[in-house]
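Listed next: structures, encoded as structure tokens.
Same chain, two partners: subunit A is paired with subunit B first, then with subunit C.
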Partner chain A sequence: MKRRFKKSSYFPCKLEQLEQDLKKQYFQASPDLASKIIHHDGKRCIVVFIDYLVDKDHLYDQVVGEIQHTPSWDHETFKDTIPITGSKQHTELNPIGDELLEGAACVYIEGEKYCLTFLIPRVEKREPDRAETESLIFGPKVSFTESMDTNLNLVHKRMDTSSLKVEKFVIGNTVPTEVRMVYLEDLANEDNVKELRDRLSVLNVDDVLNASTLTQFIEDNSYSIFPQFITTELPDRFCYSLKEGRLGVLVDKSASGVVTPASFFSFFQTTEDNYTRWNMGAFTRLLRIIAMFISITLTPTYVAALTYHYEIIPDALLVSLGHSRTRVPFPPLLEALILEFLIELIREAGARLPTKVGQTMGIVGGIVIGQAVVQAGFTSNILIIIVALSALASFTTPSYLMGSAIRIIRFPLMIFAGLWGFVGLVFSFAFIAIHLVKQRSLNRPYFVPVYPFQPRDLDNSVFRIPFLHSNKRAYSNKPKKIQRFPKPKKPKKSDIDE
Partner chain B sequence: MRKTNCLGIILSFFILITSSSCIEPNIIEELGIVTAYGFDQNPDTQEIDGTVVLYQFNPDITDASQIIHSSGATFDTIRANANKQSGYQIVNGQLQTLIFGPTISEEGIFPYLDTIERNAAVSDMLYVAVADQPTRDLMSASNYEEAPNIGIYLHRLIETAVKSEVIVSSTFHEFMRSYFRVGLDPVVPILTVEDNKVEVNAIGMMQNDVLVGTLSMDEIFYARLLRDRFKEGRVELTMNLDDFDEYITQYVNDPRSEDDLHVVIDQLGSRASINVTDTEALNFEVDIKLNGRVIELSQRINLDEPGPLKKMESEIERQIEENLIEVVGRSQELGSDIFGFGVQYNNATRGQSLTTDDWHDLFPNINVNYNIDVEIKRFGIVQ
Partner chain C sequence: MSQLDIPLDQKIKAVYLFIVLHTMQIGVGIAGYPQLVFMEAGRDSWMSIIVAAIVLHLTIACIVFILNTHKDTDLHGILTSWFGSFIGKLITLVFIVYFFIMFLSVILNYIEFVQVFIFPQMSSWFISAALLTLVLYAVLGGIRVAVGASIVFFFGSIWMLGLLTEPIALLDYDGYFPMFEADMRAILEGAKITSFTILGFELLWFLYPYIHDKSKVHRYSQLAMAFTIAMITVITMVSIGFYAQGQLESKIWPLLSMMKIISFPMFERFDILAVALWMIIILPNLILLAWMLSISSKRVFGWKQKYFLYLFVLIAFICQYHFDNRHYVNMFTDYVGQAGMYLGFLFPFLLLPFAIYKRVKGKKKANAKN
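Take a look at the complex of A and B:
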């Protein structure tokens, strides 16, 4: 597309000429480029805009309406009378096209030396809705939407403090997208801020599709199976992380926020753990970590035990296990792979289908196929229990990305268990452990507080103890202020049995 | 750097996958999993007859148990020969009980335990037992309750007896420890068949790995008293009723029907220590502290008074001492130190290298002095 004009200033020109040029040179005679010519006092004025990009109410009330009611026609007066804030002057045709694409209306009185644009974009957005993927029972339910304005509003409303800093980046060569880095200035570690700012500003890509795509561009290790940045759709969680001294990233047109630096265990936390009292919070948090472990180990252990290590099977289980295996024509590894594959199939089909059909799919897949598979002797019924249990356990992870990682990591583990038994399993776990220990998130250790061992951080990461004793932010983020509040005094007790 | 890394990973994966065929798979449904072995000396040949009880999994047969008889000179040959009669690969990983027949236990059972010790797949927690009749007959006893097969039943039988502190535990590990320890001989439970059902009827005293004598169920208490400690034990003693004549609460129209007083004590806790008082003269002193509660008295005796209680306690002390002297005396005659006097002797004479044979020569000559202290803590409310 030609965008260059040799003339130093395009104006003054004829109205028809302007319209024609815009249409021809810029929009390839776009059918949506609309214009209106207004006559007044022997002068002619044209308003040009793209039909579906401008807010019609604004256009007719505040642009066209004001022009018609203004007695004296010149651009200076228009600038005063038209109550739109984003007005600009242009002497060339080129920037006018860009402005029109952003939703501006272009106003030109014939014979003037420059042209005016007023930004009146029409933005289609939905209202903040209930969170779908990370639903809370006990906490705020609102989720981010696809609009940056709404998202920033949601964040600001939650953190009404002057130390909330928002830095703007525009990323993308083909489709520039607005990206905001959000943090609390008096908490966030400066190295972290600088690191993230560097990563965002040097990013040179054609297009940032979504927040989760952005994280893939800026994460520390793209080869790792584990997500290194938390992607959340809950403003609540986003703000909670900021208050811990972490950094947040919001991407325009994306309904999720990114939180960094993240630790492995933070993927198993929800803000709900803090909202419920500490005993339930601690229990659910431990439950999730145990569930993660069960989800990873259960099927591989079955495969290893039945293929190589019959010695370790408790004798109470031996008969029922052996008996249920007798009709199965496959070795345990293949049996487990088939069944895990089946479960993934049901999950994926359920996710792709509309909600109502998806539920039916789950029942058909789970009950009918599960039952039939056992009766046909394709798998042992004990394996069905194990596979269903580990699938269930993997869904307890609050982060969708981490949950998927856990489900996928089972497959290589199963294969190693099938090839090498427990030796293979131990090797795989060692491999994963080394990988986790080496991993970083925004150049901060990923596996804290286990490695590097930070006993002070255990209080609200792996465990959750009463706030009375847990009044500090995580050391591992190195926030500027560690202490959240001074240790509260216990309320004085008076006799209640008088 | 990155290239070598990548190459390393590919290479290690390649090695992992190709070398995985080097380990032998034991897929559970292809195995005949042995739960018990019985060994008998074949009277005609020098070989050993083995009875192999195993699980095998078959979709149509609900009974997963099978018994195979085979023979061979060694343990592993017996297993290999048994495999000739079975379509399943016979493995020892779930072995729970080893039973030796009468002849073989009098000749020494250690050679057959050796292979178990070398095989890491076999649990050390299996029980070693001796049968008073050929194991072939013992293991074909058809009544084994709800257990899946006779091997499991035998294991449960011995385990229950050990847990309720009726017999002295003799797992393979404990057997080996007593066998190798200077001054301590192993004990094994002795099994018999009664009404087509196996039961424990005694424990066997071994000298090294040779069965030399047995202790009846009543006498096991005294062996256990010295060798182990009681936490929840139980003992029944019989006393002469005349000693308690003055304390008996006579009921109207209840004539004195017998001369014996039976006392059952349970929740019995004990602690025994064997001390060497003179290494030259082989004098030993045994301190035993016992406490428990009286749960059953065959006659009505009012234990609320300190008099009868004291009398009862001293009577129990006397009885236990008498029985201990008898049991220890018999073991001295048989030359089987199942109590561990030798261990204390060995400790007291550091520097001399005592061997098992030395101790078996010395053991019949030892003199033991007993100090027994019985305390009856509770005797129940009966009114």
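Take a look at the complex of A and C:
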């Protein structure tokens, strides 16, 4: 210790001394500091590294191997012969320790005035795999991995253009994490870029755990139940959004990308809508929005109607409804809450259990409990249908976060419907509507294209029309270039047989 | 002082005026309007509507003319620059009181709706608390959220107009004949009743500085008026044709009673839902009025807009509690109507000479400079 502060340079020193000092000062607790001493021509050379942080292949082939085969031993020659790009010289002990932690091997010939380090980190990464949470039937299925290199590679491969800009941020005080902001320079709106850049650079937290945690740090309204940034694990969707003029964020060690600004309706889109023909795309897109609406309204309407507004139920239905409810001792609100709770239980259990058990559990829970609950007179048959339908509908939402939000919103809605009937229901809908209007995503309106009313954007958000007619990017993102391609000229109208 | 400097991101597009002014006009009144006008003008109610429509369009033209004289300021700013700060504040205060009573009467009317149609036992303070919560939540978001909520609620309720096809299919065309029965006095009385219903456009006085593209203000305000007039014409004509002789007079809310016959395979009585949904028809009224009340009070007294908003919501809640019976509801509604005749329709024409004078003077000045 003392020696280091007295002398301006630590080197030259004995090999054993170097190893000892490194061990003492940096890796007291670590038994993994490994070293190898090589002899040649009476000279001695040491290679120090941390066992599990360096790539062993590189170490033996390109560092140790090259050293053994080099006839003349000095550091200058080593720098030439060892074919590793990230080599550095150090005269102090301090930075060597840091380098070793990043996965470097330290090379030192006894008696030299400085020490060499070569960066050969071992990175454990998996190959890009099929997407798990956002599955596509028709589109590309590859998903992001936990490695930043791979993710950037996936994005770059999809958008081979010089306009793709990647900005680097390092966020986190205890565990610094690399965060990249990705956007297409000739499309992305400059205000958006500036805003996101500001939010990322101002961010002062101890640790960014994951991409979705990062979103929660930088989103506009942390209290809202609705996600404001899209978190996706599909490079396909990520790139599609960039091409629409949005911005993307990639976080190291996180297998999902973040897309912003997002609108409420963009959570109900998939890239698949574009890959299928327009009629199918439009159909599925509308289907999802209707499903969301059904999922929110169905159970609360049942509760409201059966508690207060019997008169709205048609006679024929009322008979069968009354018949199936005769044995149920609870008020409709409690009945619905029990059953919704049950469905959530089955869902959560299915998600937590190992896959195979989970499936069995789902079947057991769904069929056996469902059947038994009706026979035991806990709920009516019709409620089972309604609850199952709305659960099913909520799973059509492509974004997991949005789907969960929709499922959770149902509970307060049910309670309001149970307490004050349709008045309570309309009240809660009005509240949600105001909330959505109030919401912003990266300072851009969230409920676009309803408000601000953008009829021109409907083809990009709620509907889908043939590409020949929708040659514009969404106005709401305010991209630099609105037009994707010039509108093709209409063919001259001719007579039928000409 | 008189010019308002509003940041661009708080401004709204003129197109929204179409919806905002329209939703301001349509509220609780529309449900009872056909009966009232029928009582006065009978089958010739359409003539009353035409008379009211002409006056309305002229009034809007007049208001926009005055507002265009001064760019970027509201009524308060105009009055202050013309007559000095005292008169400016006084008249703005009159408008604030007027709008506040309107605010109150909307709440009271809706409470009555709910109590008559759905929950006779539901306590009124609860309904008003629910409404005021929503109003508070929306207005706290500022003008953009106030306008945005109005637009969402407009889309959320306008489809109900399509349900009128069912009564339209049952129309009895004999109900419209013979025409030209009513005398001039009856028609004018009917026009007066109509003018009560279409009040709310006065908000333009205060909304104007927040409009981004001022050149389109006139177009969209007139379109909004035309749309409102078209809507009440359709509703009135359908009501007259739908109800048998002598029935319309006895219905307090002909529009809601008409919805009783609307039914879907899974939904037998639509009127129950319609009454609940009426909440989103009146919410734009309440939200925009509360916004106007708070912002104008800020202009007059200079405290924070937030505090005024809380204050007005609180006063409204207390007042609602005190005036919760049919007698007061009618009284308030009448007050608003009477005051609206003067503040809404007469007042702009009183200001018109001054605006013309200012313009002529401004032109002379410009000429002198050249």
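In this text, the second predicted complex is superposed on the first by the 479 of 498 C-alpha atoms of A that agree within 3 Å, B and C clash if a C-alpha of one lies under 4 Å from a C-alpha of the other, contacts with A are read in each partner's own complex, and residues count from 1 in each chain.
Note that a residue touches a chain if its C-beta (ideal position, glycine included) is under 8 Å from a C-beta of that chain, and two chains touch if they have at least 3 such contacts.
This is a predicted model, so every value here is computed, not measured.
Shared-chain residue A:F447: touches subunit C; no touch with subunit B. In the superposition on chain A, contact of A:T307 is made with subunit B only, not with subunit C.
Of the two partner chains, subunit C is the only one touched by A:I434; subunit B is not. Within the superposed three-chain model, A:G421 lies in touch with subunit B and with subunit C [touch as defined at top]. Using the contact criterion defined above for the overlaid structures, shared-chain residue A:L317 touches subunit C, although it does not reach subunit B. Once the two complexes are laid over each other on the shared chain, residue contacts for A:G245 go to neither subunit B nor subunit C.
Once chain A of one complex is fitted onto chain A of the other, the partner contacts of A:P332 are limited to subunit B, with no touch recorded for subunit C.
Residues common to the contacts of subunit A with subunit B and with subunit C across the two structures: 308-309, 311, 313, 315, 420-421, 423, 427.
Within the complex formed with subunit A, the subunit C residues making contact are 13, 15-16, 114, 118-119, 122, 126-127, 130, 133-134, 137-138, 141, 145, 147-149, 151-153, 155-156, 263, 265-270, 272-273, 275-277, 279-280, 283. The part of subunit B that touches subunit A in the complex is made up of residues 16-17, 20, 23, 25-29, 31, 33, 35, 55, 57-59, 64, 91, 93-94, 96, 121-123, 148, 152. If you check the complex, the residues on subunit A that touch subunit C are 308-309, 311-315, 317, 420-423, 425-427, 429-431, 433-438, 445, 447, 450-453.
Listing the residues of subunit A that touch subunit B in their complex gives 306-311, 313, 315, 318-319, 321-323, 325-328, 331-332, 377, 416, 419-421, 423-424, 427.
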